[in-house]
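Across the two complexes that follow, chain A remains constant while its partner is chain B and subsequently chain C.
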Partner chain A sequence: MTQLDRLSVYHWLNAWCIKPVGGALVRQEPEYILLALMGSPLKKIMLCSSEKEIFSVEEQVMVQHSVIINNMIEDGSYNHEESKIPLDCVDSKTLKKVIDYCTHHTHHHNDNQEDLEAWDAQFLNVDSNGLYDLLMAANYLEIRNLLDLIYGTIKNMIKGKKIDEIRRIFNIKDHGFTPEEEEQNRKEYPHFY
Partner chain B sequence: MKGSLKMTNLLSRIRNSSKKTKTNTNQHRNRKRFKLRNQNAISIPKDLPSPHEEEDEEEENAEEGFKLKSSAPLLTHGVQPLGNLYLNPGSINSRDTGLGNLHTLSDELVLEILGFLDSTDLGVLSTVSKSFYVFTNHEPLWRNLVLENLNGGFQFNGSWKSTYVAASYPSFDISSNALKSFKVRDFYSDYLFQSWLCANLEMKPEWLERDNIVRKRGISVEEFVLNFEEPNKPVLLEGCIDNWDALENWDRDYLMQLSGDVKFAVGPVEMKLGDYFRYSDQVREERPLYLFDPKFAEKVPKLGSEYEVPVYFREDLFGVLGSERPDYRWIIIGPAGSGSSFHVDPNSTSAWNAVIKGSKKWILFPPDVIPPGVHPSPDGAEVASPVSIIEWFMNFYGATKNWKKKPVECVCKAGEVIFVPNGWWHLVINLEESIAITQNYVSRRNLLNVLDFLNRPNASTLVSGTRDRVNLYDKFKNAIEASFPGEIDELARKAEKKIQQKKLSFWDSVSDSNAGAFKFSF
Partner chain C sequence: MSFRSIVRDVRDGFGSLSRRSFDLRLSGHHRGKSRSSVHELHDQPPVIQNSRWASLPPELLRDVIKRLEASESTWPGRKHVVACAAVCKTWREMCKEIVSSPEYCGKITFPVSLKQPGHRDGPIQCFIKRDKSKLTYHLFLCLSPALLVENGKFLLAAKRTRRTTCTEYIISMDADNVSRSSSTYIGKLRSNFLGTKFIIYDTQPPYNNAQLSPPGQSRRFYSKKVSPKLPSGSYNIAQVNYELNVLGTRGPRRMHCTMYSIPTSCLEPGGSVPGQPELLPPSLEDSFRSISFSKSIGHSTEFSSSRFSDILGAGNEDVEEKERPLVLKNKPPRWHEQLQCWCLNFRGRVTVASVKNFQLIAANSQPAAPPPPAGTGPPTSQPSQSDPDKIILQFGKVGKDMFTMDYRYPLSAFQAFAICLTSFDTKLACE
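== the complex of A and B ==
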């Protein structure tokens, strides 16, 4: 079967992915069904969140994005038959997001810049704590492009804003300055307020 | 009564905090900083004096205390290590309350974010909360802003922040209240505390005690080659630069007179010598900028004329490449505390280092022993040794006491020359302001090693000191063939013979010890 045919079968199957019953929760990607039909494996690896939920991901996808996972695969410490990679610092919700990001960017890397940026913007439309969880996960896994994306977003949250706005955005209730210190700041930097 | 900070038992409790985790993931991390593992609290007097007040006396605890540099400013902004928080039940960490939603991030991540901001943004943030005030005053942030925006053309003004503001806003009055420090209470952060600590610690006397290098005076070149260069062992040579004009002339005033306005290579930038001295006089930081210039003799020919290569190192085969040879000689100037953390010299060369003024502490490990805390990548292209020199001493030096293969250590003083054999790991720290000259070279003894190194498939990343990395192997080999025809083959033959002899004797000894067992013969 040619590459094009596989892709169309993939899309068809995407709408019909089967989830196994019982045992550990495993996300059944359409690739599994595809490979069962095609007989040529798309290598998968298993990632385990801090909540012990197991996610199966294409190896290529993670290796392309995460330096940590790439190193583990390269130096052979990951055994495809048995192992799963425990990620105790990343919860399921965040891990799913990370996997979504990596998968999308691998499969859509030929898309034009605007489309990718639009997708990224939509992707980061999360509640504020979700954003920082994502940052910590991307930092832990060393996913450079996701890190840059998030740093850029946070930088824009700060740039050009006034003090009250920043306090609101980051939910800072107790700024910790004494009344005298706050007074001093207002006097010296009136344009920050 | 001056407020005195008692570092009582503080650092005697800091243990090497390499956390052994079961997961494999941690093996692959580039450790950013070794975290402080502080089991006990540090007693800090409740009434902190104003941060302007300086410690005039040296604080030293009788038993295992650490010496703070005299006039280390009192804990900047009152940052305390995390250990203190855990022993104050009910205490809130103002770090967290002041960061809002960002408090879940580690200190390193918060600082990474701040690293993307310009000076105005940092200024605004410093007034958002006390916590941000502490973070935005982290000196390395301002150091980066200075180095990126002003290159080497800056007049150091006591602190990096002050330097940046003075240069960027010349009409702004530095001495005004604007830069007055705020006092901070209840702020606990290991990273920021240790950052301050490493910037202000002095070398402990016991780190300087061990001096086990072989010292020789007046030996012949043959003796040097036979006993040290050939077997690849370090040695400290005394008296071999006594005739240098540099030894007599070079001091700060002389160099200023000769080249005060010349720009020398300092870390990532180039700076006028005068500006560099202004910086090095005032600075107090963990990794001070180091003047390390490979073109000093081209910039100021007089400097090149006032020293000569000691007689032991005159055979330098990279010389066949003429002006195309990689960087090979450097002038090194730096304040106390500056230096180089663990590394192996490039291109598999050997080196000598002569101290002209001041003194340096050296720690050397042989090629097959990786220093604790150092993690070279498998191809050797990168070394994940993010620990600064002082941090290495604090966390790892003690471990070497129990090792069978102890490192070679010494303090090299003015007039002495140390030989660093190729492949040896070494760490150097200036104990006082120092001026030195160092050269890397290739003699017949390590010619084959160097050729091998340059011929490696990843030469383009590993080879250093030249723009022409990929072709260096060919160029060098051809140049050697031209000047010393047949030399490479001759050396290869000798090396092969040695290996054969070693093999022969090994098998002989094996078969002898198994009398009656079956014997090999070639």
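== the complex of A and C ==
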């Protein structure tokens, strides 16, 4: 069976799988059904974090979301037998989260919008450092929808906050203004502090 | 030496700015280092960690701020963009790049937008609220199209003080504290005794300050050590004159505004208003660094008794045709025979008849010398710049103490507000 056929069967199975019941993830992962039917595993690729930890993830999942990885697979620079993709800019903790995001969105792309948004909100419930790492990783891997999500979150973190609060949230201790400039800021926008 | 101690030594040796760039270099160059190197970097004391968001890579910071700016295009949401510009230096620089002046986007964002020319494509709609008991006037940006809804973003405030020989209006960015000594003072308006001639003063010098201040005036040099508490300068940027109509009081009065800080060339295709203030005003120390700084001219020379024709030709002899100050005049209303009154089409923005109502258009420049015979020289520029359809400033009454003000390029909100204030004070009435 060609790759394309396998993918369409995968999605068809995904749509018909058992939905989560009462919050618990009682699901028959389609890949296992496929395994049973086809007797061969879905192609996996290896991603290597900056800490040299190796993550195995379905090729389709990463190809769907990451432009960089998609290009690598398409132009044939990735050899399934031997290669792993080194991601020196992404540490293990962040890479795991990124893989989590891509996997969930591939497997659950048929879910209704509210569920997906709720999951996304929970996913991005991290501190500003974690968010920064995710932003860098999403940018490096060129995962458009994750980037959009992160930008939206940043926007909401800025909106409605006073300037001191914004600096605290984003851990900006050294704002870079001269004392005169900062004094001028406070005079011009007294309500913002 | 362990990697961690090397990092610490190098960090201590750098200043804060280089610390930020050092942080960027490190994060891109830890390939091949020991497994725990990344953990070590993240565990460093706050001095490297806390500048991560401040030193976001430019393309990412641009995306963040661009999305914020696009989603908050009107007030009150626009204040989030202003807040962004005050969070830290790098964010401010990016905001400066992304937010364009009202001239191009029609949106008022930072306080300095009030001194930048208005939108080229159409009027920016505002309204003025008068408080007769406190002698104050407040300018607001309209947030809704309805005329009498008091839903506006505060822009400027003015307070009137009567003196023996003149009336003065102090203009400030603070709604409650309108005083000359406040740091939010941005200019003033002074009238002569009769209320027929007004001069607008700006705290910032116009582009042609060297030409405007006549030689012989005393110039003062300020060193950097001057305390920023000294009042800022006073530059004569415009004069507004009122004259009776040829019909005397039976016709609407005539208004002429000579904008010294705006050359007539700004209305030509490709023209612009030079000498605009920086997007965000420099620190007070910078403003005192300018070398020549002429104080306001003495009373005796303040109000020229010249007639309009003289004003149109005012300026130094060597000022070129195109650099003549822009002159605005009020559009003459038409006499409506059936209604027996003077009519101007305010396009629904003015609803109460009042002698204060006016529309300003660009006046024709001085008629050029007769064009040279063909082939003898470069063609002279066409003198007509007046476009009766382009109302540069419109002001009128809509309620007991409510007035609308619509302004556009090349006037700024500050200049437009000052010109409208002159209409409150003038004594020339019309029957």
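Methods note: the second predicted complex is superposed on the first by the 148 of 193 C-alpha atoms of A that agree within 3 Å, B and C clash if a C-alpha of one lies under 4 Å from a C-alpha of the other, contacts with A are read in each partner's own complex, and residues count from 1 in each chain.
Just so we're on the same page, a residue touches a chain if its C-beta (ideal position, glycine included) is under 8 Å from a C-beta of that chain, and two chains touch if they have at least 3 such contacts.
Quantities reported herein were computed from a predicted structural model and do not represent experimental measurements.
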Simultaneous placement of chain C and chain B on chain A, clash or fit: clash
Which superposed partner A:185 touches (first chain B, second chain C, both, neither): both
Chain B versus chain C as contact partner of A:87, first or second or both or neither: first
First (chain B), second (chain C), both or neither touched by A:46: neither
Partner chain in contact with A:71 - chain B first, chain C second, else both or neither: first
Touched partner set for A:116, first chain B, second chain C, both or neither: neither
Partner chain(s) touched by A:126 [first = chain B, second = chain C, both, neither]: neither
Location of chain B clashes with chain C - one stretch out of 20-28, 110-118 or 200-208: 110-118
Contacts on chain A seen with chain B and repeated with chain C across the two complexes: 88, 128-129, 132, 135, 139, 151-152, 154-155, 158-163, 166-167, 170-177, 181, 184-185, 188-189, 192
Chain B partner contacts - residues on chain A that touch it in the complex: 67-68, 71-72, 75, 77-78, 85-88, 128-129, 132-133, 135-136, 139-140, 151-152, 154-155, 158-163, 166-167, 170-177, 181, 184-185, 188-189, 192
Touch list for chain B against partner chain A, complex: 23-25, 27-29, 94, 97-102, 104-106, 109, 112-113, 116-117, 121, 123-125, 127-131, 133, 177-178, 182, 378
Touching residues on chain A, where the partner in the complex is chain C: 50-52, 88-89, 91, 128-129, 132, 135, 139, 147, 151-152, 154-155, 158-163, 166-167, 170-178, 180-181, 184-185, 187-189, 192
Residues of chain C that touch chain A when the two form their complex: 16-17, 27-28, 30-31, 35-36, 38-39, 42, 46-47, 49-54, 57, 60, 63-64, 67-68, 71-72, 77, 79-80, 82-84, 86-90, 111, 173, 183-184, 228, 281, 283-285
